[in-house]
Amino acid sequence: MVTRLQKAGHDCVVFDMSEAAMDKSVQGGSTKTSSIEDMVSKLQAPRAIWLMVPAAIVEKEVQLLKTLLSEGDIVIDGGNSYYIDDLRRSAELAPSGIEYVDVGTSGGVWGAERGYCLMIGGSDKAVTYLDPIFKSLAPGKGDIETTAGRPAGKGTAEEGYLHCGPVGAGHFVKMVHNGIEYGMMAAYAEGFNILHAANIGKKEGGKIDAETTPLRNPEHYMYDIPLPEVAEVWRRGSVVSSWLLDLTAIALLESPDLADYGGRVSDSGEGRWTLLAAIDEGVPVDVLSASVFSRFSSRGEATYANKLLSAMRFQFGGHKEGK
Amino acid sequence: MVTRLQKAGHDCVVFDMSEAAMDKSVQGGSTKTSSIEDMVSKLQAPRAIWLMVPAAIVEKEVQLLKTLLSEGDIVIDGGNSYYIDDLRRSAELAPSGIEYVDVGTSGGVWGAERGYCLMIGGSDKAVTYLDPIFKSLAPGKGDIETTAGRPAGKGTAEEGYLHCGPVGAGHFVKMVHNGIEYGMMAAYAEGFNILHAANIGKKEGGKIDAETTPLRNPEHYMYDIPLPEVAEVWRRGSVVSSWLLDLTAIALLESPDLADYGGRVSDSGEGRWTLLAAIDEGVPVDVLSASVFSRFSSRGEATYANKLLSAMRFQFGGHKEGK
Amino acid sequence: MVTRLQKAGHDCVVFDMSEAAMDKSVQGGSTKTSSIEDMVSKLQAPRAIWLMVPAAIVEKEVQLLKTLLSEGDIVIDGGNSYYIDDLRRSAELAPSGIEYVDVGTSGGVWGAERGYCLMIGGSDKAVTYLDPIFKSLAPGKGDIETTAGRPAGKGTAEEGYLHCGPVGAGHFVKMVHNGIEYGMMAAYAEGFNILHAANIGKKEGGKIDAETTPLRNPEHYMYDIPLPEVAEVWRRGSVVSSWLLDLTAIALLESPDLADYGGRVSDSGEGRWTLLAAIDEGVPVDVLSASVFSRFSSRGEATYANKLLSAMRFQFGGHKEGK
Amino acid sequence: MVTRLQKAGHDCVVFDMSEAAMDKSVQGGSTKTSSIEDMVSKLQAPRAIWLMVPAAIVEKEVQLLKTLLSEGDIVIDGGNSYYIDDLRRSAELAPSGIEYVDVGTSGGVWGAERGYCLMIGGSDKAVTYLDPIFKSLAPGKGDIETTAGRPAGKGTAEEGYLHCGPVGAGHFVKMVHNGIEYGMMAAYAEGFNILHAANIGKKEGGKIDAETTPLRNPEHYMYDIPLPEVAEVWRRGSVVSSWLLDLTAIALLESPDLADYGGRVSDSGEGRWTLLAAIDEGVPVDVLSASVFSRFSSRGEATYANKLLSAMRFQFGGHKEGK
């Protein structure tokens, strides 16, 4: 991110636990510091401090900054914090006149090159002040087609950054963004799984093993679908084309059977928090919840439940599903 | 089932691949035979032939019976056939004047003692003719409380057997019965899984491993819930009391950690067929489908999908979830 | 509940906003009071105060009792509070030496007659002291069959009440109980919906309207299933028999088409809280969540999402799904 | 489609129920005919007949063509037929030496301009013969970035068309494509619904009505999120960018509250067929099924189930949820 800011002509004062990371920034014109305290002292007021640290560290840094900063300074949390923490932290900084801005950033490891999509929460004053920063980090219009009917110059969303509302709104929108991401990923994953199993009729007349119901029509499932080519063809002109599909095409080209992966899928906080928000709001989220729960199950978290199903089956049917 | 029929005074002519099974019936007064042909020859017209064989065998037996039986005879399929097969088989037997009756039976290994709950499809004539058989197999009123408002003598449902409609209706109702059974089982299994994990806050401050989001409030999950006792207490006066809960209480009493079970859960055809019917009808079945799919997942059938999720995550985030 | 306590010989001092309710208790031997303060003053130490008020009122009452009670007294919350509130309230009362006991009660309007299933959280000391109260409120063994393999005298669960763990454990178990209840109810509801639509093939050759895919095999859906009789027959000997099914049989007997109901289903907090707990624990709850979300949807909370689906369909397909 | 073929230099002989449609093609150089029979007679052998008719009409046309065509001719079904019908039709045409090719096409109303993404099933011989046709209809590489690691000239998928396998494979892949489309659409719809309700805390302190649990923290839901701008910003650099999101941005720009839509969402056959295939294969599809079922529910198909839930609640709780 510092690289993008420097290219756009911003002066940056940096602190990082990694000397190497700072040295890289110094080559681009940044000022290196030895601690948070040192960094704060080298910035001119009003200071804008962009935190880009793991969620678990944010609290400590914000508490420290509270003691170092002055009225008119701005703390920006660009990580993946829970928006409810934004609300609390903002309230704690407010009495000292320190502004708090939360920025959800999307783009993954590709962001440095493509630019970062920024979802921003904070006061109008602070967000307006920081506008040049956001503009430099965001992708800009690029060669993406203009939305039909959109008047020229209607806000910054076309540039890839958006002031979503007061404090917390940035991380709230980013949270839901990730919830949607989980759902889309699961839609592709389930679909490719169906294509992957489309040759099931070739396997022993469809009777895979004693655990499954015999297939009534094995002749309907005799297809060896070329999965990497399907991902590729869908990239052009189909309704399901997307950036996630572009990545899927790369992944399947590298390895159609995905042999290097273990099938245990992590989930970061945002997916879960999206569900909590939906439940509070009373909004049904059958798809988003299924995509989160399938990750829990992928890590073995359904095992006790499944054992209990087997135990019930044993009790009423006498058939033991052992280890 | 023969035992229950004999106790009720019915004369039975039996054929079984197992001599031992037949011998047991002979002691109770049945006539033993050496083949299906022999069995048919030893029955007096109009014959009622009760098939109790695996679904995969029914077809062969019905085709054989078609050549052996005469007008007025009745074939009864008491197994777990797909009702759509009933419709076809019935149509094939109809030109010869042979009746076809389908009977879904519930009760598991406990049926011999408790009686079998019977869901029956077929013509009025055939089902009325067979009524004494059904009455003998069914549990009867027993000591189960009368449904409030139910007039005395209103049909046979109180006796535990029901003529549900024309051919196929018996297996249709049994199919949906099993679909509901899957859903109820999953409801208990998920609930006990939540109780089972209620002490997660005690484990390393709630941070189980790098794959999961840190628990924000470990102090909320410090409970070691006595699962077998919970199952027991719910049996008395709670809204979730049921026969499946009675079985769960037995299973958890035997082994609270269910160590003998592997967590791979089979599914028989009925659960799947229930979903197919719902999809044809356009009826939403979020719960019943989730209960079937969780069994698929328990057997590793989500693995390819999960690997693809990891592959996408690697492509946009650079984090590899290996084996 | 006072009635059950009086019958068992307990002296009760009561306060209720309703004079009529108190008068009924006085006839049974209770002492009537004019306020919470009056009630506290008329009880002998150590006092046991059983709160049975809406969740929204509990907080106010507990804060009041904190000022009125002394060391060794016990506050019992018998309502449907969130267990996380129990933890907080208990911590607030602890410095004054006041014990806090949470009791989840199940049984609905039938509890007075059948007895209440009690799930209890609190210290060993307090729960042991209150044992006679719990025993009197609970259903007792009744004529429910003993769980196979259960030794005589193994705890109180057989009596219908259970000390589940420290403060909060009672409401935690009750919360999950209600989560399971939602799942079971949805399993029955979806199953009966499939049976209800089993005659869809009779309707205009299966083509109900332009909005749905034509049915490929209308001849498979020609059944008019007698729903009240199906509920009745399943009560005897089937795997899905339960108390909820008993109630379903009553409801369908009264009105097979359920014409008096609007189809908008409320949800109390427990179903949602169950999901929150599962998400915190990382436990998949596909069935329980689907049952909660279907209630949200029944109240129109999916409407905006559905409109957006129509809007997307219009954009890529040109077909407008208007009002 | 004829327009795209003519532009690429193909001679077309056309028949359509609409004279106007044919006249437009004639202006582009096509030959007009008066009937299917006339069309067949005006084509030189080996003939390639592309059917683009509603699924319900395909059967009649194929049966007619069976009587008109000769060995070496090819019938192409470019509509949305069920792949199982392809298998049957192909088998019926095979004895006459007539080839059958199924083509799933994606692109909606935008296809004429963008080109059609084509998923093709059939024999190598027939598909190779038709390659120039497919190349002309497909979008071509366009300005879409090459998939990283993909060797130049690796098959036709980069051109936007793909021979997926033997007969039926084209419609099979298209079917799953649509299943994924449903899942993605639902992911966006649920996510925007959460954003839409993010101001729920402003409404009467969060207590919307008696039917819902009071919101514990209304202060967490005070956001008026600008939905059209969120859709726009996500189009640039975010992980959830896609063509469906582009369309969503257009729709929300036109009408943020989507007031013209009624919220009843149709489903075509492919979504349902995708579920049937997954169930046959034993592959879990929690997300894809939820997206189909939510459409069923949007059309009121959950109503009977919901009424039954209310009826059960009335039976055990005494609270009536009327009309």
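Worth a mention:
We just call them A, B, C and D in the order they show up, numbering each chain from 1.
Following the convention adopted for this analysis, a contact is a pair of C-beta atoms (placed from the backbone, for glycine too) under 8 Å apart; a residue touches a chain by one contact, two chains touch by 3 or more.
If you're wondering where the values come from, they're calculated on a predicted model, not measured in any experiment.
Touch-path distance (fewest steps) from chain B to chain D is 1.
Of the two chain pairs considered here, C-D and A-D, the higher C-beta contact count falls to A-D. Distance from chain C peaks, on a Cα-centroid basis, for D. Rounded to a whole number, the gap between the C-alpha centres of chain A and chain C is 37 angstrom. Inter-chain spacing, taken between the CA centroids of chain A and chain D, is 27 Å.
Measuring from the averaged C-alpha position of chain C to that of chain D gives a distance of 43 Å.
Residue positions 108, 186, 188, 190, 193, 197, 212-213, 216, 239, 244, 250, 272, 280, 282-286, 290, 293-294, 297, 299, 301-302, 305, 316 of chain C each touch two or more of the other chains. Interface of chain A with chain D (complex): residues 83-84, 87, 106-108, 111, 114-119, 138-145, 147-150, 155-162, 164-166, 168-169, 172-173, 176-184, 186-188, 190-191, 193-195, 197-198, 200, 208, 212-213, 215-217, 219-226, 229-230, 232-246, 249-250, 253-254, 274, 277-278, 280-288, 290-291, 293-294.
Residues of chain D touching chain C in their complex: 56, 82, 108-110, 185-186, 188-190, 192-193, 196-197, 211-214, 216, 244, 247-248, 250-252, 255, 258, 260-269, 272, 286, 290, 294-295, 297-299, 301-323. Residues 239, 272, 275-276, 279-280, 282-286, 289-290, 292-294, 296-297, 299, 301-302, 305, 316 of chain D touch chain B in their complex.
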